[in-house]
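Before anything else, here is the set of structures, which you'll find just below.
Here come two complexes built around subunit A, the first alongside subunit B, the second alongside subunit C.
Our next item is the complex of A and B:
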């Protein structure tokens, strides 16, 4: 009963957000198209690179597209659902955060639903289309295990990116002027996961791929789907680890949010 | 029964101050410095203090927005931060410079949404809304998007929004700030009505002492995070020697302001034909008798003490006191 009431409350918040955005209909349509830009660009970049080379870090175009598809699908969906949490400093400044805290609902879902950027739907749809095309054309030897992985890996990637968004946003609980620092991790992570990690080198690869876990969003699941051995030598089961990694990331994000909210300082008056 | 209990409530903030080109120093600022208070059901409590005295910070700790650094608070028997969502169902909050309303939607829709957010039965919600519509005159702008409302209209909307779930305690942070006279009257009248009904506890911070005089029997003055007065307005006057004034209108101006024992001249107005005396030790009769010997009196009036002046004096005496805390 309690849970159903809360769900209905969240649903009405979502409805209100949709109606608010409908108040600016033309600009919404323009945004919907304009938002495609960045995501399309990621794919175009890969195509351009393959215009001058036949392989990228040991991967063909069709193989690389699986990596790109997993990455942009996961990032676009996470950006749609949770990406606006990067506006936390603004919520603090305008008092929305205080307003949300005095209501009988959890703060994070309220903020996400009240500022859900519906115009980003177009990106998520495009990301999914790229992934489906890549999976269909990569010549994958479909086993039940690989089908299951193809179904589980994208949502795991969404959860992973969403956790990154939330964790980096909590920095602004301590440091309101954290500025673009969070972006270097979130958008940096998206760019990192768009290519086979073999193209990166040294400590940078170690940090992003395994220190932060970005290798589990697209690289390792892609290897497992394509049935390729990891050129870097990790065993093949690692490709199935992405849900576990996503779970760990979500736990870290939830903790960071809980601790952050207790450090929240509000603003004057 | 106490609805609100604060024991040694304290909030410190660490701020970084520039101490050189690159060097920054950490400094701890105490916004609320050990506040103990009890508020009973149905009380109307006025919470006043200068800017930065810790009023809003206290309210934010009571509503679960901010975590206290030390001490504890109970509201409706709940711990504000730990039981935040449960407490939210039982309190109403109006932050004068924040909004609970949906900017791009008609006011009416915000009220509908809050019904779902607070899970209020439709009947109870409708009854409360009808009452607010009557008392606050909302009908004219119920279908206007909130972003197009005037500040006064919006504030009436905020008050309604805070009351639709029937809260036991209503916290108001500067509810009349920036309002015109008419809207101020409307808001005060509404709150007074709410207080008369007696089942809602009201805690109000304000800059505007008229709010307090009109609404609150109990007044808590806070300065530098500490309670410096807790009692009625009359007690405040007694304690801090606020003075009644005698205004004397003379036929013609005196060459220089007269010196009357126990009643110094506060102001000389109307080219010396109006004199304002503060009653310190002298009585009204003594002032009149003293003046009668010097000039022809046209009119005498007595002005009751102004709470604004009392509070100014209170802050001044606080600052000179031994418990001086460095300001921000």
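Our next item is the complex of A and C:
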């Protein structure tokens, strides 16, 4: 009974969102198209860069597209599902978060449903299309293992990016004016995973690729799918580590959220 | 109150000196207002720095063995990226919805009652904001970038002054574009759609995602001469890294002047048309 009541509440929250977003019909359509454009331009950027060079970090365009496809598919889906958590700083600053906390529902699902961006559906569909095209055209030698990896890696990437969104948003519990800083890891992570990590260098690569784990979203799975050895020397089974890394990331995110919400003090506004 | 309506033009003042004094006061107020958000400025600098690393590595990877790409050598790309990250906040390319919010809520009525034209007063506030951003947001990437990457220092003595003029014009051109995007709220109420189109278009067409030189020559030329976008980022950066000769750079800055004047005139025109149909809802 308890669970069913909560589900009904969530469903009506979602319904209210859908109705309110569809109310300004022209804006909603432009939104759908515009959001599609965001992911399209990410891919166009890669194509433009390959317009002036034959290879990037030792990878050809077809190989890089597998990396791009894994990245944009995972990011777009995570952005659709939990991307709105990036509004948390505003909710904390304006005091709206207090209202969320006093309701008899869990805070995180409420926040996500309060502004589920239906307009971002177009983006997720395009990301998936890029991935499918890249997988079909990269000349992959399909084995049962690689088919399984191609099925498992994108959802693992979604979980990973979703965890990054939640973890970075919790910064605003401690630092109300953190503003766009979370973007440097969320959108920065998207850009980082759109290219083979051989492009980057030094401690910057080490920090993003292995310190934060972004190498496991697209680079290592792509290497395993393409059957290429890692130019940086890691063994090929690392490509299979992405679900494990996603699990660790989700655990960290859950912990960060719990600790953060306990630490939360209203701004009083 | 009967004689004050949105369609009656604000009183025009023949004296130039008071006009400048008012303008200067609004600029100073804009500077002070934005100088209070210091934590947000620090957060913004961190974000710009991370993207500076990302873009710099990616563009440098495109140079390959030759060490040059599209007329930029590695040091020029370094300067292009890091100065560009700093300029993003100075021109405030994204996230400005003040006017649209005020139109939606009806608060814009208060702007229309003031003795200063709305385009003029919003421009003055924006110049003040840009002044603070030039100190707080442009300087840090210019300091951090050279610590990790080779950068290009201008050789011609006139380049730095010309760059500063070009940045000022870029702020005005960018303001004009943003004002027009915001002004669609007079007709649409909800500006999320136009705003997202602007966010996307400006990033690509202004030379942020990749230098426009990466595009085929005819496309770069079309963008440069037929649209204002390169004038908000690409032109100041090209001036700074001396990609072209000094006379060409002067010509490019002249192009910015043309776009600045055209866009401000268009803003005033749109504002006048909008005021004729504006209905402020509620009491």
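Keep this in mind: the second predicted complex is superposed on the first by the 257 of 269 C-alpha atoms of A that agree within 3 Å, B and C clash if a C-alpha of one lies under 4 Å from a C-alpha of the other, contacts with A are read in each partner's own complex, and residues count from 1 in each chain.
What we mean here is this: a contact is a pair of C-beta atoms (placed from the backbone, for glycine too) under 8 Å apart; a residue touches a chain by one contact, two chains touch by 3 or more.
Quantities reported herein were computed from a predicted structural model and do not represent experimental measurements.
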Consider subunit A as the common anchor and indicate whether subunit B and subunit C clash or fit when overlaid.
fit
Report for A:141: first if it touches subunit B alone, second if subunit C alone, otherwise both or neither.
neither
If you stack the two complexes on chain A, which partner ends up touching A:51: first (subunit B), second (subunit C), both, or neither?
second
Identify the partner contact of A:8: answer first if only subunit B is touched, second if only subunit C is, both if each is, neither if none is.
first
Partner touching more residues of subunit A, subunit B vs subunit C, is chain C
For A:26 in the superposed arrangement: first (subunit B), second (subunit C), both or neither?
second
Between the C-alpha centres of subunit B and subunit C, what angle is opened at the C-alpha centre of subunit A, expressed to the nearest 10°?
80
With the two structures placed on a shared chain A, what shortest C-alpha distance in Å links subunit B and subunit C?
9
Residues of subunit A contacting subunit B in one complex and subunit C in the other
24
Help me check something: in the complex, which residues belonging to subunit A touch subunit C?
24, 26-31, 34-35, 37-38, 41, 44-45, 48-49, 51-57, 175, 177-181, 183-185, 188, 191-192, 195, 199-202, 204
Of all residues in subunit A, those that touch subunit B in their complex
5, 8-9, 11-13, 16, 19-20, 23-24, 95-96, 98-99, 101-106, 262-266, 268-269
Per the contact definition, I'd like the list of subunit B residues that touch subunit A in the complex.
13, 52, 56-57, 60, 63-67, 81, 84-86, 88-89, 91, 93, 95-100, 102-105, 109, 112-113, 116-119, 145, 173-174
Note: in the complex, subunit C contacts subunit A through residues 37, 39-40, 43-44, 46-47, 49-51, 53-54, 57-59, 61-64, 69-70, 148, 188-194, 196-197, 199-200, 203-204, 209-210, 214-216
